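Next come two complexes built around chain A: one with chain B, the other with chain C.
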Partner chain A sequence: MLNLGFVVRRLLQMIPTFVFILVVTFVIVRLLPGDPLSAQAGDRVTDAQVAHAQAELGLDQPMLVQFFLFVKHVLSGDLGRSYVVQIPVWRLIGQRLPPTLILTAMSTILGILIAVPLAFVAALRRDRVSDAAIRGTFQVGLSMPVFYIGLVLLTVFSAQLRWFPVGGYGDSMADHVYHLFLPSLTLAVSLAAVLMRNLRTAIIDVLNAEYVDFARAKGLMPRVIMIRHVLRNALISSVALLGPTIGTLLGGAVITESVFAIPGVGRLMIDSIYGRDYPVIQGLTLSLAVVVSLIFLATDLIQAALDPRVAQ
Partner chain B sequence: MTAAEDILSRPAVRRRRFGLSNLRGRISWTFVAGFLILLASLVLAIAPGLIAPYKPAAFDYKAILKPPSLAHPFGSDNFGRDILSRTIWAYRIDLQIAFFGTLFPVVFGTFVGAMVGYYGGWLETIFGRVVDAVITFPFLVLVIAIVAVLGPGLFNLYIAVSIVGWIFYARLIAAEIKVQKRLDYAAAGRVMGYSTARIILRHLLPNAITAALIYWMTDMALCILLGSSLGYLGLGAQPPTAEWGVLIADGKNYMSTAWWISIFPGVAIVITGLGFSLLGDGLSDMLRPKR
Partner chain C sequence: MSAIPAERARAGQGATLSVRDLTTSFDTSGSPVTAVDRVSFDVEPGQVLGLVGESGSGKSVTLRSLLRLARAPAETTGSVLWDGRDILALPEAKLRAIRGNEIAMIFQEPMTALNPVLTVQRQIDESLRAHTRLSARDRRVRAIELLDLVGIPAAAGRLDDYPHQFSGGMRQRVMIAIALAGEPRLLLADEPTTALDVTIQDQILKLILDLRERLGMSVILVTHDLGVVAQTCDRVAVMYAGRIVETGEVGEIFREPHHPYTRGLLGSVPRGGTERRPLLSIEGTPPSLAAMPSGCAFHPRCSFRTDICFAVSPPLEPFAPGRQVACHHHQRVAEAGLP
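Let's look at the complex of A and B:
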């Protein structure tokens, strides 16, 4: 069961996180040389028009007032309007979020499916050839940039072998999964590498624990010991690792979506940068940061539920 | 030798059990391998003109999209530029990214970490909150957003990476200093009347810096990955600068017909990344006391 004190403490920790996210996303757009308005309009408007529009948007107010206006707008769900396509930012993000979420979920699942069995092989054949081969391969995978892995997979499996589509997102759910398989695999490589390394160490530690000796002494079947005792306990430390790595995954989605031309929020981010669409950049930074901090929260709570010692 | 002579011939200061002074006699093969890879990389970065057969931007319209051959060992691109030469010249840019992208974080993070670890108290409380807040921020998204606003280019990339990167060093250093400052030798330093600055710099820091030093190696590899990713997206080094991410982007439309344009720069990234990892692992084996 969850320790209530821990949950409350962990929820309180979210407050500085959210304040930080708000400050950063507020400041980012203010870092622009000049103001967002003239950055958008260029030379086409007069000074009087700029002043009028600034007053309308509250840009003539002191910084602190502007910040509170910004927070008020964000809390009421108003992220502004895209300069380029002229629709509310939150609706734009809502439209582009599903591909990214499916992509992230699929990569997480693929990463776990790859990492768990290999971690077992590596841990059980510790310091032998298969262990070295698995660890070496993942080390190379970790040293490879995401876009490079994507480009190679795309060339081999889509362009040459024609097993997968060259890009896009598809229409039905099955089609989405088919289209997003290679991109997910691309992202899963680094996740699997981090997870594998951590799980291998954890499994080696658990194998030396007394309760595993006891389970063996009881005469339990090796398979039962592995799944019920070893895997379960080794996985706990990896759950904590999932939070940060899924955060990295969402970042990696920005790159993967560009390589595979997937219409997700990552692609939207890059398009907005090229189009100088600052409200969208701001809104995206804000929502991605919130999503990641919620994933962190979830993994922390799950870990505490699995291992009461964490909550102490 | 008499006992007195024996004692006198010993060094006045005993070698510490932890830290940088513990290097003697335990050179691991991972350290040597990583060191050699990075040494070779450094030579390529310092003197690419002596090693690369062509100039990085030399067009040759008689050798367009040529596969690897004796004249062009890594092939040539759609402008007839030699891929081997461009990959070699890119060492200069990418190692620069690794160094300058981590320089401020290492220095500033070490300073903040030492302060937080030594003084603790409210400084530690504030620092804890900052860490909580920053760590949940998706790093790549933040860097891309900052670069988006400041504009593409390497200098803005350094700014973006530095804003967040110092936190990780500060956290590692603070945790170690907190342990070290309670040990006897720190108390001895205070009894001797040494200044706080001297105790921190000469005594605590050399013993507390191991973890941060090892992380620095990983961080430099990560920085190259980040720099080349931004270069690939058009937000980092700008073409025609020879940077590995830019080179890979140059070749992405030719992957099916002229794979060599993108593949070889990628291999350079992987080898350099492995060099940093091996060096980091080696340092870790050599510097950390065995459990």
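Let's look at the complex of A and C:
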């Protein structure tokens, strides 16, 4: 079970993480090429207009003051307004983040559901045909670009078989799941490949552990041995891998959302970069960084729950 | 040292283990090596049999093979008769009913033999679930009793601890408690004290003997330490290069070894004492399984050898009541006395 002291310590670690995220977000937007104003106002602006806009954005203040203003705004929930669509950034992100989060969550679950049984088969039939076949397939899957996997799935299951919609997001939760199934599968391939490879090795390792022999010597059922003793221990190292992998997955979501026309933050990010919509870029960077650090928090807590030694 | 516990003998619930021609080979990359070669022995109810030999002589593989636990790519033949059944021929389900229930096993290194991520309670409980019909509450009570039985202080408070929260000696006690969950009639102990320091070793050995008395178990105690044998065993089987080369009552073997290997082993133990030393005094090293010498496997290290030893592998044969030896010249060895 989870050790309370560990949870508290891990939560306290989130404070410096968030400070770091704020600093990086602030700096990144100010490092982007071009003047934030010219994209907004076009070419024919007067000096007076520029000065006015700069004052409004606080850009005439010293950097440190700008940073504290930025933090103050963020903490009061004010991420500014989109230059392009003229609505508050937090509302824009609030609309576009859920599809991406559901997509990421579904891909993770699908990836795990695919990887765990296959890792077992590959590990138990190690170096035989089925092992080679599973590993070979994933190797191919891993080497294919995400958009290509997406297009193949789209062509086969949506265009040809018509089992799934060609794109969009739907209206109800069930509808979302249905619409996001193929995109999730697209993303799940690479996650499953990474997880499968890691888990296969971990399972082979654990199968050699003496406590598995001891479990056998106790007369336990093979199923109990495999799940409680082998899988549980093998998962520990794989869960550590899950954090960074899901982070990468979020990156892959950008492309997948374009292929499947999903109104998520991936497309919003691309649109806002083209439009030099700095408040949106800034808001997105901030919220995605927070999401990723929460994912790391979750995987750390899961790992601690799986392995009591982590929490010591 | 040699008494069979009265309770068990009276109750008649013990079973005899009869091992015949137990052979385990590993088919490693095309050339099979035989780690255990036609091993035969009996363990009577309540008896403690010591299985002795240098590292690599096949003690662990023998012990594992008894419960079909030798690791792949192992192949085991022969028979292991237990209570009228041949363990090697039983279907999986019947085998599981014996493992942990009638015959339990403990390992050398409790740190690696206990699952690091499960509480002690879980690890006892799963055995109780497999072999008893106790309710969840009764199983918890039983788990505390078992930890008590093996001498873990404040047992109730330690149920939810993990293995790493125990000291080495306590961990070995935990493993014994887990092994006892099914109330086994035979305990297979693979060097249970080798990883522990000397005072803890004595405590664990006393515990095993005490449990043997109280529960009427038989024990096969694997060790490379003749001091441990002298202290705990009724009978002893000496292994060399996968074969048993001599068996007999501990007292007789210590008094008059008939195999030159046994004689050499005894030469390394101080006379009369229970003080222990590793078995290092015989010159040379055991043969590799992949390159076994012709004839008697011990001949390259033997000072009694003659031509026949190079050509003919001596069978294990009885020469006196309760004694067996596999040596062409065992009478000469016996006459030579202890070194």
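A few comments on the model shown:
We adopt the following convention: the second predicted complex is superposed on the first by the 291 of 312 C-alpha atoms of A that agree within 3 Å, B and C clash if a C-alpha of one lies under 4 Å from a C-alpha of the other, contacts with A are read in each partner's own complex, and residues count from 1 in each chain.
The rule is simple: contacts are C-beta pairs under 8 Å (C-beta built on N, C-alpha and C of every residue); 3 or more make two chains touch, one makes a residue touch a chain.
The model shown is predicted, which means the values in this text are computed figures rather than measured ones.
Superposition of the two structures on chain A shows chain C fitting alongside chain B with no clash. Rounded to the nearest 10, the angle at the Cα centre of chain A between chain B and chain C in the chain-A superposition is 80°.
Looking at the shared chain after the overlay, A:179 reaches neither chain B nor chain C.
In the superposed pair of complexes, A:244 makes contact with chain B only, with no contact to chain C.
When both complexes are overlaid on chain A, the residue A:213 reaches chain C alone and has no touch with chain B. Chain A is touched at more residues by one of its partners, and among chain B and chain C that partner is B.
When the shared chain is aligned, chain C comes close enough to touch A:307, but chain B does not. Least inter-chain distance for chain B and chain C in the combined superposition, rounded to the nearest angstrom, is 18, based on C-alpha atoms. Touching of chain A by both chain B and chain C, each in its own complex, is seen for no residue at all. Listed in rising order, the residues of chain B touching chain A in the complex are 129-130, 132-142, 144-146, 148-150, 221, 225, 228-229, 232-235, 245, 248, 252, 255-256, 259, 262-263, 266, 269-274, 277. Residues of chain A that touch chain C in their complex: 208-211, 213-221, 224, 228-229, 232-233, 236, 306-309, 312. Listing the residues of chain A that touch chain B in their complex gives 13, 16-17, 19-21, 24-25, 28-29, 31-32, 139-140, 142-148, 151-152, 154-155, 159-160, 244, 247-248, 250-252, 254-255, 258, 269-270, 272-274, 278, 281-282, 284-285, 288-289, 292-293, 296. Taken in their complex, chain C has these residues touching chain A: 64, 67, 69, 71, 95-101, 104-105, 107, 109, 112-118, 126-127, 130-131, 162, 164, 175, 178-179, 181-182.
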